[in-house]
Each structure stands twice: as C-alpha cells, then as structure tokens.
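After this come two complexes, each holding chain A, first together with chain B and then together with chain C.
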Partner chain A sequence: MSEITRDAPRLSSLSSRLQLSEAGRRRLEGALIPLIALLAGLLVFGAFIALNGKSPEEFYWLVYRGGFGTWFSLQNTMTRAAPLLLTALCVALPAQLGLVVIGGEGAFVLGGLAAAVVGPLFGFAPGPVAILMMALAGICAGGLWIGLVGAMRHYRGINETISSLLMAYIAIALMHHFVEGPLKDPASLNKPSTVPLEPAMRIGEIPGMDVHWGFAVGILACLAAGFVLSRTTFGFAARIAGGNARAAAVQGLPVGRLILAFTGLAGAAAGLAGMIQVAAVQGSANASLAAGYGYTGILIAFLARQNPVAIIPMALLIGGIDAAGGFIQRRMELPDATVLVLQGILFVAILVSETMSGRLLPSRNAKS
Partner chain B sequence: MNTDLGLWAVPIAVLGGMLRVSTPFLFVSLGECVTEKSGRINLGLEGTLVFGAMAGYGGSYLTGSPWAGVLLAGLAGTLFGLLHAGLCSLPKVNDIAVGIALMILGTGLAFFFGKPLIQPAAPMLPGLSLGGWSDVPQLRSALEVSPLLLVGVAIAVCLLFVFRRTRVGLILRMVGDSADAARAMGYPIIPVRVAATAFGGFMAGIAGAYLSLYYPGSWNEHISSGQGLIAVALVIFARWNPLACLGAALIFGGAGALGPALQSVGVTSGYYLFYAAPYVLTLLILFLTSSPRRALEGAPRELSITK
Partner chain C sequence: MFEINRRRLLKAGAALSAAPLVSRINPAFAASLTAGFIYVGPRDDYGYNQAHAEGAAAIKDMDGLTIVEEENVPESDAVVKTMESMIQLDGASLLFPTSFGYYNPFVVDTAKNYPDVQFRHCGGLWTDKDPKNAGSYFGYIGTAQYICGIIAGHMTKSKRLGFVAAKPIPQVLLNINAYTLGAKSVDPEITTQVIFTGDWAMPVKEAEAVNALVDQRADVLTCHVDSPKVFAQTAAGRGAYVTGYHTSQAKLAPEKYLTGAEWHWATVYKMFAEKALAGEELPNFVRGGLAEDFVKISPYGPAVTDAAKSQADAVKAEVMKGGFAVIKGPLKDNKGKEVVAAGQEYPESAIELEKMDYLVEGVIGSTS
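And now, the complex of A and B:
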C-alpha cells in the first residue's frame, strides 16, 4: 500500500492547480480513492500470483477474455451480476443509516423459497400474474427477515451485524428443512428440490440477449435507490440520521421508522434477488440457493462505498471475475479459491483506502 | 458392545458432543474477549479459524507431529490478528468492515493453500480418557476429551485473574473503556490493541487446529460452520467475562450436539431445525439480555459494536 501514500503529495498539488471547488474536490477524491485502491489491490494480487509461480499478466488477460472480452462472456458476466446488484443493495441501504447488515444471504434464500412456494399456488393464473405474486412473496419474505433485524436493533439494541448473520444461518437451515422435508418434490431424487415451476412462471431473457430480465430489474433498483437517496426528503433524512442519530432525533426525524424502512427495503431487495434466481435460473428452490450471493453482495457494497449507483460497475466487475473463474482455473491450473483470494485482497484494499479520504486532495481551508 | 441405555443415551450423547463441539467456541471466544476488552472487535476470526484449520493440518502432515501443527496454526492466527490490528490502527479504517474483509481473505487463502491437503491423512491429536471409572461404554467415549479443552478451561481461569487482579489486565481494560484516560495516564493505546488482537488471532488459529486435528478431525472446505462468528456473539452474551465464555461455549456446544444425539436414538425428522438450534439460542439470549436504553453491562465503552 506504500505506493498510494507516495502519490498523495503530487495529487494534492494537482487539486490546487486545478482550482477545484470544495464539492468538486470531494467528488474527485471520492472517485479517485476507490480507483487507486482497486489498482493497488490488483497489484498486490498480481504479486501473490507471481509468488505462486504463475503469470499475473496471463491471469488478468484471462479475466478480461473470460469476463468482458467477448459478447458471449459479457452476457455471462451480466447474468452473474444480476443477483449481486440486489444483494449489494441489501448492504448499501442500511449503511446509509450507519448500520452494517451482513445477513443478506438469509433474505436471499428465504425469498427464493417463498417464490417457489407461492408460484405453484397461482398455477391457474396467467404467467405474468404468477410471476408478480412470486416477486411479492420474495420481497415480503426478505423484507420481513431483515426488517426483523432492524426492529431488534431499534427496540432491543441488538447489534445488527451479529443478529443478521445469525439470522442468515437460521434462514439457510429453514430452507434446507423445507426443501428436504415438507416441500420436497418426490420426483427430485438426486438433489432435493421444491416442485419445478411451470414454464409460464419462468422469467425469460431480455430480447436480443442471453441475459434474463433480472439484470434489468437489478439495474433499475440501483438507479431508483440512488435517486431516492440523493433527491428525496426520505433519503435526505436517512443520510442525516446516518451522520448523527441523536441530532436527527432532536430535529424530529423518525429514526426508528427510518431504520425499519431501510432494513425492510434492504431485505426486500435480497428477497427479490432470491426470487429471480429461482424464477430465472434454477426453476425450483434447492440447496444451490445458498451459494454465497448474499455474502458477495457485502463485498460489492463496500467496493461501491455504499453508493447504490456505483454498485452497478462493481457488481459487473465482481460478476466478471466470477464468470472468468472457471475458465482461469482450467487454463492456469489454479485452485478455484483464487477468485476468493482476489476478492479478499480487493476488499481489504478498498477499506484501507478510506484512510486517505480528506488527505488525498486536502481541502484548502481545513487541515485534516 | 454398547449397553442399551434407552433415553439416557440422549443426555450422554449431548454431554459428549458438548465437550467436543464447545472447544473451538471456547478458544475463539476467549481470544475475542481479550480483543474486545481492548476496544476493538475482530469479525475476521472466522477466516482465521479456517486458515488455522488448514495450517494445523498441513503442519501436522508435514512434520508428523500434531502439536507442531497446533503451534503453526497459532502462529498463522497471530499473523492474521496482527494484520487486522495494523490495518485498523490507520485513521478512519473501520474494524468491523476490515473483519468482514479478512473473513473472505482468510477463507480464500486457506482454500488456496489447502487444496493439496484434502487427500493426505495427517496425524491427529491424542485424546484424554476421563471416563475410566464408568462401566458404560457410551459414557466412557463421551468423556474422551481433548487436552486442548482442559487448556482452554485453564486459560479462562487465568484470564479472569489477569483482568481482575493484574496490572496488565487493568491497562487492557482502561484502553478498552476510555482511550482518553489511558492516554492521559501515559499508556500506549495502539500497541495494547495490537497485542490484544494478535492474542485473539492466536486463539482462533488454535481453535482451527482443533477442528482439523481433533474433532471433526479432517481438512476440507466445510470444516467451519461459522464457529468464528458465533464466538463473537458468545462474547457479547458472556458479558466479556472469561468464565462466562466457558459456560456459553458449553451451552452452545450442547445445543449443537442435540441434533446428532437425537438422530442416534432414531429421531431423524427436523434434522436441519436442530442444526439451527445454536443460532436460535444465541439470538434468543441476545434478545433477552439487551436493552435499547442503556449500554450492555460490562461492555468496554470504546467498542464500536455496543455503541
């Protein structure tokens, strides 16, 4: 990380030469810091690969080819990014209030399970109606699950990081219980699953692409969240409360209701992601739902520095690395955990880079 | 061979399971207890635990001595603790978030280096038989415990003494309760926190070695089921008291052993619900002991998670 600090003085002279306004300075710094952190993380990981006797150039070339370089791989990346856009929102929304919710996996799994249960109940209705009901079921299941985390935080003072994680383990156990017990389709022998959804209830692909509609839903959700946070009083209130809860309460802001609303919406996003995974990819609920989409969402939200719109490029980046993972593993004979190591290093780099904020481009009237 | 015990088989199996399952919880929670007393929280212990499991197994396989494996796991854990502590000592770096990142990194590195270790068999840690006085074979096997459990109990008692009666304990508590007071007294804040976090990492590394070298006693990618994270929650409901950590770890181990115990007498339905029992129990205890109005009793006041 030492190369970052050495760059700092040069960049600060840059900002004074550019005669930036205070807001412009902050915006430039907000964009520069994560970029530098990403580059530093990629360098450190490259060194790690080189130490293991493999070529970092080849690794990154294969990430490009396997994740972004061709139309085929780009579509694969978008498909993988689809659930991550929504599970990252599950972290970024409560983060506006200063809450660290890391149990999105639980809402994701239960959202998928709820959708797989509700879908067949609407077998008589036209496909789109059934899909809508499934989406509602996923949203409600996830929203209630993480909303409960928010309620425990507000009414009992239970730390949301710990409780959301415990709830995720409980949710995964519940999903296994129902999928392998009461809700098991007797026809699913090798892999216990719920009854498969009718083709009419499946979410199709965006015309002209090999990517399901869930990707578009995820992008819209991120843009909508960004709009609400930056352009509405509701979002403004949340940011005030996140900055200083006591001051917000003194100003008469309903901090408790904000916590419930944001955790509920966060869970709804993850639950919807689970529903989309069932309706667009898996066709039924089974153990594959607990594949870590919720946990990867944490990484993406932090990479995006909890900015909903920045989640879009970060989800594509991580989705692309994921998509290229199998390809790289075969070509370079690296363990499949290599991608996990890269994710861990990027995560650490982005967190450490926070230490530069306010110092990379120091403001002229404040010394920090 | 086994005597027919009827329903008594269940409590005996729970007892045996409790003694086996609780040890990693005990080690991680004691280490985290020290870290949290200094005012930091390390959620990355889950990753440290998994890495420790891999390092312990690898060390035992390569040297032929399981105790060398335990030591190696402890050293690897110390390195992760130092990494967490070092990063969190930078201004504006959040300890909870760094913990989550190190959870991913530790797990990733463990799987990366541990891939060639899945096949070979490493020498296991020996057990101690405490049940020689009994004629019941089930009870004898239930009381077959790891020496590490006894070490853990001894560490818990020592820590209580250190916290309450020694200068080191007082400095640690002061740094965790009020950094300003400690600074005014001339004690260094960051070195104390670094040492406390390194100790937490060391203990989590040992806990990992216990998993891979004693119970369940193998190395694979599903070796941990969140013990490292649950232990962090355990410390909170043990109110930062090492002896209460021991009790909490035993209760937790017992809850985790209930499912397999019932399965052994033929109750098979709801296996996954029993699997969730420890998590539900933790949540319930957190719920019952928390209050929205006051900070938790006994909580180090510098700790971000209780503010």
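And now, the complex of A and C:
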C-alpha cells in the first residue's frame, strides 16, 4: 500500500499534465483503483498458488482459455454471467441510497417460483404473452419481497442487511414447501418440481449464439439503471438521499418513497433473473433455483463499486472465472475451492482499495 | 517473491499472446478414450460424491483411458457447460453426470446436441423416448439397508433406531422402510424415528437431528443425506452406534461404526469403460444390487456381535441367490392402512417400488 501512495504524486502530476477536469479526474481514478486492486489481487493469488506448489502462469493461462480464450469459452462465460447481471443490480440499486441489501437470493427464488406458477395459467395464450406474464409475475414477486425489506427499513427502522438475509432463508423455505407440497408435479418423483413449462413458454437462445436471451435482458437492465441514475432527476434524488438522507429530506426529497422504489426495483431485477432461470434454463421451479446466484450478485456489485454499468464487465469477469473453474479443476487437479479463494481475494482487494479513493489522483484543491 | 512473480506473469503473458485461439486437444489427453465424471458436491464428502469418485479412481489406470473430473457442479445450466467443456476442451466422449437432478433437461438436451458422445446418468431415469446416446444406471441399495437394519436390530438396547433423511421421496422412503423391516425381523417391537432435514446437504440440521434422536433414546442411527460425515461424527460423539450410507464412514467412527450400505460404482464404470474401449455399444439401462456387485455392505465393525453377523450373513446369502423381496405382504403403513396385500411380493427390481409414498408400520414420522 505504501508504494502506491508514494506513486501518488507522480500520478497526480500526470493528471495535471493531462489537464484533466475535476470530473475527468474522478472518473479516471474510479476506473484505475479497481483495476489496480484486481491486479494486486491476482498477484497475491499467484503467490498463494505458487506456495501450493502449482504454477501460477498455468493457472492464469487456464483462466484465460477456459473463460475467454475460445468462442465456446466466451459463450460459457456469458451464460454464467446472465443471472448475475440482474442479481448484482439487486445490490447496486439500494446501495445508491446507502442501503446494503444482501438477500437477492430470496427474490430470485420467489421470482422463479411465481413464474412457474403463472406460466401454465396462460397456457391458452400465445407463447410471448405467457412469457410476458411470467416476467411480470417474477418482477412483482421479487419486487414485493425486497420492497418489504425497504418498507421495514423506512417505517420501522429495521436493519435492511439483516432482514434481507433472513428473508432470503424464509423465501427458500417457502419455495421448498410449495415445490414439494401444493405445487408438486406428481410425475416428478425423486426431484420434486412444478409442472414443466410448455415449449412455447420457454425463452430461447440469442440467434447465432449458445447464450439465452437473459444475457441481453441483463445488459439492457444494467444500462437502463445506469441511465436512470446518471441522467434523470429520480436517480439524482436517490444519490442525494444516499449521500445524506437528512439533508435530502430537508430539501423536500421524498426519501421514504425513494427507498421503497429502489428496493422494489432491486427485488424486481432479482425476481426477473429467477423468472429467466425458470423459463430459459430449468423449465420448472425446483430446489436447484437456490444455487447461490443471489449471493454471487453481492460480490459483483461490490466489485463494480455499485455502479450499474460497471456490473457488466465484473459479471463477465466472475462468470469467466466460474467458467474456467471447472477447466482448472480438471487440468491442474486443484480443488473447486481454489476459485472461491480467488474470488475472495479479489473481493478483499477491492474493498481495501476503496480507502485509496481521492488519494490516487488527489484533487488540486484538496490539501495533501 | 513478487519479483519472481512479475517475471513469471510477463512470461505467461507472452505465452498467452503467442498461443493460438483455436481449440486443440492437449497432448496429455490424446488417449483413445476420455471419460468425464461430474459431481454435485465435493469428491471427499464421505458420501454420495465420494462413492462415485472411488468408482472413477478404480478405472483410472485402465490402458487407453483418461479420466477428467469436476466437483461442485450445480444442477443448472452450469452442468451443461461443464459437459460441453469436457467434450470441447478435453475431448471427452463418455460422460458420467452423477447427480440425480442433472438429468432432465440438462443431460437430455446435451445428449441431443452431441450425438457422438455417450452420456450415462446415475439415477435410472432413462426411458426409450430419450436419446439413444444417453442412458442411466442405478443400484438397488434398499436391500443393503435391510441387512444393515438386521445388524441395527441386534445392536439396539433401547429398541429405538434413528434415521436422518433428506427428503420424503421414493428412494429415501424405500431405504427407511427396508432398514426398519430389517430391524423388525430381529424384534418386531423395534421402531425407527425418522427426521427429514429438507435438503441433501444440511450439515447443521443433520447434527441437530442426530442430537434430537439420541435425546429420544435412539441408540443406532443411520442416514440418507449426501454427505454422512457430520452425521457419523455427531452420532458417535453422542455414544450411539452408526450404520453408514453411500460409502464407508468407518474411519470417522472406528469404534461405533457397525456396517453400512455402500455403492460399488467401480463395477458399473469398469463395464462401461471396457465396452467403450472395445468399441462395443453401451447399454442404455443398467441396474443391479448386491448380487451384481453394484452395492455392497461395509465390513462389520468391532462392536458387532456374532449373533448379528450370522443372521445378516444368512440373509445376504439368500439375497445373492436372487429374487429376495424386502417389501412383501401383508404390510401396513404407519397409519394402519394396508399397502401390500398378503401374498404380494416386490423383489428389488420391481417398478412399483419406485413410486413408494408411505412409511411402514414401525416408522415414527410422516411423509409430509
């Protein structure tokens, strides 16, 4: 860390030489800090691999090849990133208001369950209509679930981090109850599931690719969220309230309504991801829904520093590491946990790097 | 260390840019047959996954055969990508996705997309409507549980057995019933208390269930969960006897381990690998029990009495002759309803057993 701060004056003279505006300086720093943190994390992890008697360069080579290096690997990565784009939004949106919501898994699972229930009700309608209704069902189920977290926060002062996590457990238990009880398809003997969706209600793949449409939906959602936050008064109000809720309230901003709207939208994103998982991947709702996509979304949102647009590269990075994980297990005979260690080190590196904010390229006005 | 690592990284970078992007098979994988094994949990779980990994290890040294393995693969499109990655990057032409929930839709769909690759799935779900390059294998482990029940029946002092089970699905219910009937063949007054944990890997709940069962004076315990590790250690720690499941847990409880119902997948994998190497057609539907060496009984532990051994061995000899039926009439469920009429017999291969939805008289617990 000390080396980096020693480098700071040089970099700041670089920024003054580049004649950067204050906003440009902040943007450059915002991009540089996570990049340096990622590199540092990779180096630390390389040392860890070397200490275990394996070759770090082989490891990184396999990550590249298994995650990004071939068209097959790249599509593998995009498929894995698809649900993560939306579950990361479930963390990043409330974060604009300073809320730490970590229960996206619950909204994901309930969104998937709601979609599996609503789809067959529209069996008479054309496929796209049924898919639309399923998406609405997923959005509503997820939105209400995390919206409830926001409501408890605003009206009762209940810590949203704890309540969203605990509510995720309740959501998973509810899903198990319905899938194994009232909603069980009698034909699903040893793997209790809901009735399979008709082929017309399934979401297909993007033409020419082996990646389902959920990936495109996730990208669009991240871009839309980025636009709303940076270009609309609604997003501006949220950022003000996140900076100082009391000051925002004094200025007449409806802080409560903003909290409800952002938690609701966050849950809607995760619920939609659950619906896509059912309609594009599984074909029915069952215990496999709780595969941890909601929790990986937390990691990605933090890696992206809660910036919706930055979620896209981070989801691809983590998706790629996941995709490469199996390849690494097979080629290097490392346990699966290796990839989790890598993700953990990257996460810590990014969190630590937050403290460098404002120091890497100090503002010319700031005292240093 | 960082000096070395930076240099290594640069070297890796150079290698990376020099390598071609086209998929090519690593020379290490140029054997005449590559078989891929996919596990839903860790390979060393003392349970379901370890049983498969032991089977894979048993054929590792066969001439002309290369094995690739991947653990912790969830029952989602992740398994599709793992299978495709094994096919495309490792050149695998025979795949064993071992977890039950992989089959539909993931194995079925992948088999359709790769008609030249053979897929054999553990669980017995294949029907002649499914692709011809897919298939399934399974073992009749209920009969082995019946023999373990006999040992348990001899060893219990309190006449109460405990069963920690994941879900009330047919396979699990058959094991609970067979175990109870085995014990009741020793002493009809013996009862089995069952606790369902709700999912396949719930270590905390499994430990709580063991404690609750021992508190209710159960003194011989068994289980049907993916990893019996926590179960066996907790039960032995509380002073109860343990009969194992999936694979041997004798190492975890050397004094308290009586015996166990184990898979012996080496038989199945050897058969498939030999046929594939010889270029013969692989069977689509493979099943077997103790007589076919698909399942086995763990060697008896030090505590097992001679009377217990001799009755268990006698029944085992009966089973080896073929046609033995654990489930036979007259048989009542634990609500007093007759489920098998007098004179009716279901040998282990009977299809009716795969729809089992009751607990027999003597089991304390409920399927819902």
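General remarks:
Rule of thumb we're sticking to: the second predicted complex is superposed on the first by the 359 of 368 C-alpha atoms of A that agree within 3 Å, B and C clash if a C-alpha of one lies under 4 Å from a C-alpha of the other, contacts with A are read in each partner's own complex, and residues count from 1 in each chain.
By our rule, contacts are C-beta pairs under 8 Å (C-beta built on N, C-alpha and C of every residue); 3 or more make two chains touch, one makes a residue touch a chain.
What you are looking at is a predicted structure, and each value in this text was computed from that prediction instead of being measured.
After overlaying the two complexes on the shared chain, residue contacts for A:H176 are found with chain B and with chain C alike. In the superposition on chain A, A:A200 makes contact with neither chain B nor chain C. Of the two partner chains placed around the shared chain by superposition, neither chain B nor chain C is touched by A:L144.
Looking at the shared chain after the overlay, A:K191 reaches chain C, while chain B stays out of its contact range.
In the superposition on chain A, A:M209 contacts neither chain B nor chain C.
Touch criterion met: A:V352 reaches chain B, while chain C stays clear of it. Once chain A of one complex is fitted onto chain A of the other, the partner contacts of A:T338 are limited to chain B, with no touch recorded for chain C. When the two complexes are overlaid on their common chain A, residue A:N76 makes contact with chain C while staying clear of chain B. When both complexes are aligned on chain A by C-alpha atoms, chain A residues 173, 176, 180-181, 335-336 touch chain B in the first and chain C in the second.
Interface residues of chain A facing chain B in the complex, by the touch rule stated above, are 100, 102, 152, 154-159, 161-163, 165-167, 169-170, 173-174, 176-177, 180-181, 295, 298-299, 302, 335-345, 347-348, 351-352, 354-355, 357-358. If you check the complex, the residues on chain B that touch chain A are 43, 47, 87, 90-94, 96-98, 100-102, 104-112, 115, 225-226, 229-230, 232-233, 236, 269-273, 275-276, 279-280, 282-283, 286-287, 290-293, 305-306.
Within the complex, the chain A residues that touch chain C are 43, 46-47, 50, 56-57, 60-61, 64-66, 69-70, 72-73, 76, 79-80, 173, 176, 180-181, 189-192, 277, 281-283, 286-288, 291-292, 322-323, 326-327, 329-331, 335-336. Taken together, the chain C residues at the contact with chain A in this complex read 1-2, 5-6, 8-9, 11-12, 15-16, 19, 21-23, 26, 42, 68-78, 81-82, 84-86, 88-90, 100-101, 104-105, 123, 167-171, 198-199, 354-355, 368.
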